[in-house]
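Let me begin by handing over the structure; questions about it come next.
Chain naming follows the written order as A, B, C and D, and within any one chain the residues start at number 1.
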Amino acid sequence: MTKGRLEAFSDGVLAIIITIMVLEMKVPHGEDFAALQPLLPVFLSYVLSFIYVGIYWNNHHHLLKAAGRVTAGIMWANMHLLFWLSLFPFATGWMGENHFAPLPTAVYGVVLFLAAIAYYILQSLIVAQQGPGSKLAASIGSDMKGKLSPILYVAAVVLAYKLPRVACGIYVFVALMWLVPDRRIERVVEESKAED
Amino acid sequence: MTKGRLEAFSDGVLAIIITIMVLEMKVPHGEDFAALQPLLPVFLSYVLSFIYVGIYWNNHHHLLKAAGRVTAGIMWANMHLLFWLSLFPFATGWMGENHFAPLPTAVYGVVLFLAAIAYYILQSLIVAQQGPGSKLAASIGSDMKGKLSPILYVAAVVLAYKLPRVACGIYVFVALMWLVPDRRIERVVEESKAED
Amino acid sequence: MTKGRLEAFSDGVLAIIITIMVLEMKVPHGEDFAALQPLLPVFLSYVLSFIYVGIYWNNHHHLLKAAGRVTAGIMWANMHLLFWLSLFPFATGWMGENHFAPLPTAVYGVVLFLAAIAYYILQSLIVAQQGPGSKLAASIGSDMKGKLSPILYVAAVVLAYKLPRVACGIYVFVALMWLVPDRRIERVVEESKAED
Amino acid sequence: MTKGRLEAFSDGVLAIIITIMVLEMKVPHGEDFAALQPLLPVFLSYVLSFIYVGIYWNNHHHLLKAAGRVTAGIMWANMHLLFWLSLFPFATGWMGENHFAPLPTAVYGVVLFLAAIAYYILQSLIVAQQGPGSKLAASIGSDMKGKLSPILYVAAVVLAYKLPRVACGIYVFVALMWLVPDRRIERVVEESKAED
């Protein structure tokens, strides 16, 4: 299998996911501010998911650049990742429309968690292919963020039932953790872990 | 016609098909488990169709890699395949929303059957182009899976009226048959055929 | 402007158009044949439009392959073509849902007509760029089909008010005219013109 | 990061945005002119947004062609631009469905304004990368259009509350300003500025 076509297919799916998410923000029937107001949580959850898909697209790009031959295992691990990412529009729309209610907020975290696990599997397959001494293995290093994220998602899912706002805060924190340049955030994370 | 553009167009269509299928899983209005429950069959049928499109994408990729010049016949055989695949979202949504009722389950099988026939036509055209002694002809071999699948779909369509669950089981079986590595499953299939 | 990116963008838009058209075929609420029946005209109009988009994609591909540098004029002529093609899902859905009623059938013809004119403009720009003695100019020749199609669309639009079925027949005829290999159909068309 | 994949992803997102916008033009239930009439403003706003996305796609293409290495900053500035462009279908649909009512017309201008700012940020990053003496910096020059557009959008947003039609006229004017060949319109703009 050519890597180019796997990348092109993944790009296509990610481009569609990121764009159809906006369809969950239904055009309201009224024409005043009152008609826009209920859309605010939908908009906020859209912004969050847009950033998440952007992060996945970015990381996915770097990961596949490092990959060698595309084996059947890598191809299906990639499909598995795309599957969970394809549920983002649903999870985003449900959480937004219900104004970050407990269950939808928890389900959003479950989808984030499963996408993170799928990414971890894909990454592990490619690292195994490249070998422990490879550049890719070195650049991933201890993979602090990759290991911390699913733990934080699980925490958010558990907290969502009682404190959905806190769960949302965790989702925002994880997104920021991936967005801001690496070194600094990792130090912050390690320090905050040291404080706990 | 350049093969690259045929691949790119097919990839685009397949990426869109796989992603808009998820739109059939409508965001529910409630925010509790009761609101999620009726979505379970829609979700299951989505998982099944996602795997089928993944299999088609994978096989299509290998098939086109083997193709030489894209003739008008190959181009239209490819469009014909994309046509039946484009009905997956509809058939998937209808089967899921009606909780695997007889007719929707049969129609799902009909679409699977016609897509399989369309794939067979495309494959035959490319094999004919490459010649019987070609690498492609050798790699396809007796094409056990390719011949067995449409037969199983027909069986499922017939069974769907009385035993829709059994029909669904057949759809799952065919998908697994394509997913698991070749040799082993072919042996299993041949053995189970020998037992009948 | 790189031709590659214009092709990729056009391919993307055409792939999306051809795929979202199927969304107009809404999943019915019932689970029996009675629920499927009203979808038959929507399905038939979908098949027709799928073939039309396929023909456009095919011709567009050959046309752009012949193009040299992508000028601003060619870029916007291409956008203009994509614009009218983007109305196919709407026109197709409206005609299908209203069972080929006069006005929707006429509007479908208007969209086909304007897409044909847009294609003609794009083709003229590229031919002008290549010069009258170019390979492209020779391969287009007298462009019998390209000139006959808009005339037939106008005839269909006029007829649609009284005889919508005849108008549909004309749309099917034009599609077939482009589908079947060139020489034969041109002879048929010329003969049928001679008979009139 | 490879520039090619950033372009492909952006092309994908833009192709989807331009195509799903047409989904806001819902297929009407009637089959006569009366059913089509309320769609006219939706159609007009679709035409306007189609042209805007076309302009963005065109400019984006030229900008990225000039870019060198894709840094994290450029990648996220590009995502930021795609984000605001992804709100075009919503803003277009809302403005069209409400027949250019004050608030929807103002919101449309806000989205145009934020997309323009996002484009300006992306352009600034790439210019900074290329240096002030680069070809890109020279070709952008004083960037009259790029600076005038956001000012006109702000004016339109302010005017939309009292004179929504004038605001729409400004949106059309800005689109035309980008569409027609450069020199002439810049002179016109400068002259009309001199007259004020």
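In this section, a contact is a pair of C-beta atoms (placed from the backbone, for glycine too) under 8 Å apart; a residue touches a chain by one contact, two chains touch by 3 or more.
All of these numbers come straight from a predicted model, not from anything done at the bench.
**Student:** Where centres are the averaged C-alpha coordinates, which chain has the largest centre distance to chain D?
**Tutor:** B
**Student:** Chain C-chain D contact: same residues or different, taking over half shared as same?
**Tutor:** Different residues, largely: of all residue numbers at this interface, under half are found in both copies.
**Student:** With chain centres defined as C-alpha means, what is the inter-centre distance between chain B and chain D in Å?
**Tutor:** So the centre of chain B lies 40 Å away from the centre of chain D.
**Student:** How big is the gap, in whole Å, between where the Cα atoms of chain A centre and where those of chain B centre?
**Tutor:** 28
**Student:** Tell me, which residues of chain D touch at least two other chains?
**Tutor:** If we look for residues of chain D contacting two or more partner chains, we find 8, 12, 15-16, 20, 23.
**Student:** Could you please specify the touching residues of chain A with respect to chain B in the complex?
**Tutor:** These residues of chain A touch chain B: 1-2, 5, 8-9, 12-13, 15-17, 20, 23-24, 72, 75-76, 79, 82-83, 86-87, 89-90, 93-94, 97-98, 101-104, 107.
**Student:** So in the complex, the part of chain B that touches chain A is made up of which residues?
**Tutor:** Those residues of chain B that touch chain A are 7-8, 11-12, 14-16, 18-20, 22-23, 25, 27-29, 31-33, 36, 47, 50, 54, 57-58, 61-62, 65, 179, 181.
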